[in-house]
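A, B, C, D and E label the chains in the order they appear, each numbered from 1.
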Amino acid sequence: MTAPVFLLLAVLVVAAALTVVAHPSPVYSACALVVTLFLLSVFFVALDAQLVAVLQVIVYAGAIVVLFLFVIMLLNLTQPESRPTAGVPVVAVAVGGGIGIAALVAAALRRVPPAGAPALPEGFGDTAALARRLFTAYVLPFELTSVLLLVAIVGAVGLASRKG
Amino acid sequence: MKFQYVPVLIAFGLGGLVAAVFVAAGMFLGPRRPSPVKEAAFECGNPPSGPAWGRFSVKFYLTAILFIVFDVEVVFMYPWAVLFRPLGVFGLVEMSVFVLVLTVGLVYVWRKGALEWD
Amino acid sequence: MTPQRFVEAEPTSEVMALQMGPSHPASHGTVKFNLRLDGETIIDVDVEIGYLHRGFEKMCEQGTWNHVFPYADRLNYASPLLNNVGFALAVEKLAGLTAPERAQYIRVIGGEISRITDHLTCLGMAANELGAISAGFYMLEAREFLYDLVEAICGARLTVTYCRLGGVMTDLPADMTERTRVALKHVRDILGDCDRLLSRNRIFVDRMVGIGKLPSADAVSWGLTGPLLRATGVPYDVRKAEPYLVYDRMDFEIPTGTTGDNYDRFMVRFAEMEQSMRIIDQALAQLPPGPILADDPRFVLPPKEQVYTTIEGLMNHFKLVMEGQKVPAGEVYVATEGGNGELGFYLVSDGSGRPYRVRVRPPCFYGMAALGDMLRGHMIADIITTFGQINMIGGECDH
Amino acid sequence: MTQAELLERLPSILPAGALRSSDVVRGQAVADLERTLMRDALAALRDHPDVRLEMLSDLTAVDYLGRVPRFEVVYQLYSIARNHRLRVKVAVPEEDPVVSSVSSLWKSAIWAERETWDMFGIRFTGHPDLRRILMYPEFEGYPLRKDYPLLRRQPLVAERDPLERPWFPRP
Amino acid sequence: MPADVAIATAKVLFALFLALQIMGLGVFFERKVSALIQDRIGANRAAIFGFAGLGLVNTLIADPIKFLLKEDITPAQSDRLLHFIAPCASLVPALATFAVVPFGDVLALGGRLINLQGAELNVGLLFVLAMASLGVYGVVLAGWASNNRWSLLGGIRGSAQMISYEVAMGLALIGVVLTYNTLDLQEIARAQGRLLWGWLPAWGILYQPLAFVVFLVAGIAESKRIPFDLPESESELVSGYFTEYSGAKHLMFMMSDFVEVVLVAALVTTLFFGGWQVPYLARDGFHFPWGTAVALPSLVVALLQVTAFALKVIAFTWLQIVIRWTLPRFRYDQLMRLGWKGLLPVSLANVMVSALLVLLAGRGA
């Protein structure tokens, strides 16, 4: 991926993500989240992970944010709320988080091989390759996912049908 | 950069262009004479009774959760379907277990009456 | 009205107040529903009518008896002839006047044609609002053939003003039998199409069955008559219960339903159209020759030749037009079977040429009163089917 | 049962003193009831097995201006089971235009009494929800009274706040 | 590289052009077929400069112009930005989806082999689903931003309906993927060129009839038309989520509805009816099962294929319009019941049975 494209995308995605956090209206935050997720999927495309890119849009942008929007409407969280002003704890958290992220990035950079990434294996990122890993090496996590989803169903029904 | 995705960007651009052309044409061609009555919310001829934003039935929220669950299930099935022939019987058994667990969920929801909307 | 069967909202739900109407695509007839909803479920509904109130009863007191006929047309404007016939019968009963036999047959024919147009309007609009737009258009097309007949009879399609005290305005056209045969054939064909499109259509049946149900005891208590009552299984039809005109010479059946839901109402109306066509056929076959107006100078205008050639005729004409028919003092309640049910006129005369009091019993007024009971616990979308089956006609309901 | 036979039965069915007079007019049975006892009388007419007037076809009033008592509330009763009709009239004086409501006997009376209240200003005690039905709440006077001027102008009404309406009880 | 970009742009342009043309034809059908069904004349009044000769063509031009000439009212209490974004969010994903629909095989032109597909995605099928799932936002945002009770009810109804039928739609497509083992729409279309027993084109409908039915039903539900037009059902919710829209934005909603109709027709064609395949037409001409062969130049073949594709899409657009003018509308609970208790189990069973059959067929072969 060329640097200008990456930079442009990065700026856009960070801007969108900041909107999610900073916008006073939850509905706008949700919309910004859709944009963020969509732009992230462009990153995935750039990294040759096309299946992940599309699934990102389907599952996160197309399903989970819809749920967010429903909850926002359901609870009528549509009125802008007063955000906590930048007090000492917020500043502390921000500073601490910033340092932590910087450290992580530094550590990550250290592990990157100095010259050029190794060539990707043939068929990297395509559906069949991903499926092969998923359905052979990661069978157990895959099956466990179904149990997780089952729990989600039961929980949702339990929450929704609770009387009083 | 994957070249095959450039056309997708172009398509989005063209779609956006169509939308922009419409909005712009509407702005330039259409009259603009706002009035309080015209801009009032339509409530069947009655004076508007305040904002419509209110709380909604929890059933919609349940629908959304069920949708996510089954959407994730569907998403898992796509790679499986692509690789189905090589996976063979093993793949079938694997997915049968997966689907079975979720079918239990569906039956549960069904039995609990969460699929009744009236 | 205040809710008697208040459907409890679930604790997890939120109640939304919604004003449906008066300017709403489904409120044809200008009516308003004040709804309280839980999601899509109706917790409570308050029906607000009166948007088309034009003082029918007050207006009637201002003119002569004959002046009422045009107003009567505009009561149930889907079946103007039936209102005309109903009012004429009531005044005739008060005056002790009987229309000649031929006029009675003509009234039956015209009335039954109007009954079919009424039912077609009701069912067509009901189908239309369910999204079955084509079936709705078919029924309107069938209605056009019948309006053509009405036009052939009296020259107007809707504002007929056809009946007079003691008879009808003009005689039937010479080729009435042939015209009717052709028109009814078209109507039967179209109704066959509509039957195939709707009666067994799974979506349609699912939308109608079990909705707006009212047990027959409740229906009687709410004063429902006509198709609404017959759908609950009570075979009450004024034409059979207290035969007027020449209905006792006609061979027809009263279709009834069993459960009193919207589907039964639909099917009862559908079957009634066929019965009406049978009556029209029989009445045309039996139609006797003779005068179409009673020979009674107290109430009936003299023929034009007499007005122009004799002083008695001219004076009689003048007196009748200027002072009105002197209907003997007294009161009377006459019920006829209108499109929507028992159409009653309660008349009080003080012996002058003008009505002292005209009270119309509008059948769909009582249907609308029961609407709240029918709807509570159902969903928003069911308002449309139920309201459609009540066949609220603004002119009649709000009179 | 003919109309005359029906009227013959009435004294034995109705509570003592309720029936003021009865007659067959133009083939139609008419009964005049005492205002104070009319609700019990009507209940008896509805429930008595021989009469069973289970449907209130119509309810209205007539304004006999200049007569005393001025108003007459008219009930058109019909028996589906027996196929006979009875018209019941209750005289109502101008200075106290009050009748007890029959809406608990026949549900059809709920709207019909509202309309009669709306048009004649006759109040029905015991009615669950007596408010104007065809006219708007701010309407002044009772239009079907004979002394209501035909060309009377009504005052202009300000636009209402929809949430302040009486029929939208806020939770 | 610039040539590639130019060709890609041309292909996308052509795909969208084709879609919009068929959409115009769809509007034509909507007006005239419905008139035919209902014994009416239909739209015939539009005249441009006094010239009414072309009748409906004028109407097709006049309709959008009329919309554009109307005032675009934004309700005072609405959320102005979202009110503006919603119709765009409805229209753009629907249009963009056409980029991945193949409209022909390959065209040999000037030494290049041009794949007649806007964007050659190897995950095209999932891209379609992704765009369909983004279409929800147009509805939900329009309903919310209008700040009107009818819009809100319509928006909530619409979004719940769309997500419910998306599941069934996705499951139906898995049957197709099981048959062809690819997510590339062009590959799927090509695979349908095979002949069964030497004469029967192996179109998807033969392998996945149930998936076809489910997909068509879910597709009509996604495009929110009768019998699934509950979000906008005018006799219930006035106009549903676009009650507060007028002028150009209203036009965009109407248009995205029609684009979705054409899209569903195009997808049905591609997945179940051979896409651009003409029976017995290969890249070099016709090869009839009885042995006759007619050699054709690549351009003619491509033209034939594009025509065949367009005709099939038109046929399914027509089918949807006939359905729309025949059936009554569902009630909300019936709609949800059909989605969750009808289509979902059926399509799930279809997936598992298909898998079993594929396995058995693989064993037998």
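The rule we apply is simple: a contact is a pair of C-beta atoms (placed from the backbone, for glycine too) under 8 Å apart; a residue touches a chain by one contact, two chains touch by 3 or more.
Being a predicted model, the structure only gives us computed values, none of them experimental.
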Steps in the shortest chain-to-chain touch route ending at chain E and beginning at chain D: 2
Distance-maximising chain from chain A - centres being C-alpha averages: D
Most distant chain from chain E by Cα centroid: D
Separation of mean Cα positions, chain E and chain C [Å, integer]: 46
Centre distance in Å when chain B and chain D are each reduced to the mean of their C-alpha atoms: 57
Centroid distance [mean C-alpha coordinates] between chain E and chain A, Å: 30
Residue list for chain A, restricted to those that touch at least two other chains: 50-51, 55, 58, 62-63, 66, 70, 73, 78, 127, 160-161
Interface hub residues of chain E, defined as touching at least two other chains: 121-122, 126-127, 133, 144, 149, 152, 156, 163, 166, 183, 238, 332-333
Residue list for chain D, restricted to those that touch at least two other chains: 162-163
For the chain A and chain E complex, residues of the former touching the latter: 27-28, 31, 34, 50-51, 54-55, 57-58, 61-63, 66, 69-70, 73, 78, 126-127
Chain A - residues contacting chain B, complex: 1-2, 5, 45-46, 48, 50-51, 55, 58-59, 62-64, 66-67, 70-71, 73-76, 78-79, 127-128, 130-132, 134-135, 139, 142-143, 145-147, 149-150, 152-154, 156-157, 160-161
Parts of chain E lying in touch with chain C, wherever the complex brings them together: 34, 37-40, 149, 153, 157, 226-227, 229-230, 233-238, 325-334
Chain E residues within the chain A interface of the complex: 79, 82, 85, 121-123, 126-127, 129-130, 132-134, 136-137, 140-141, 144, 152, 156, 159, 163, 166, 183
Residue numbers on chain C that touch chain E, as the complex places them: 16, 18, 24-26, 40, 127-135, 137-138, 141, 197-198, 201, 203-204, 206-207, 379-384
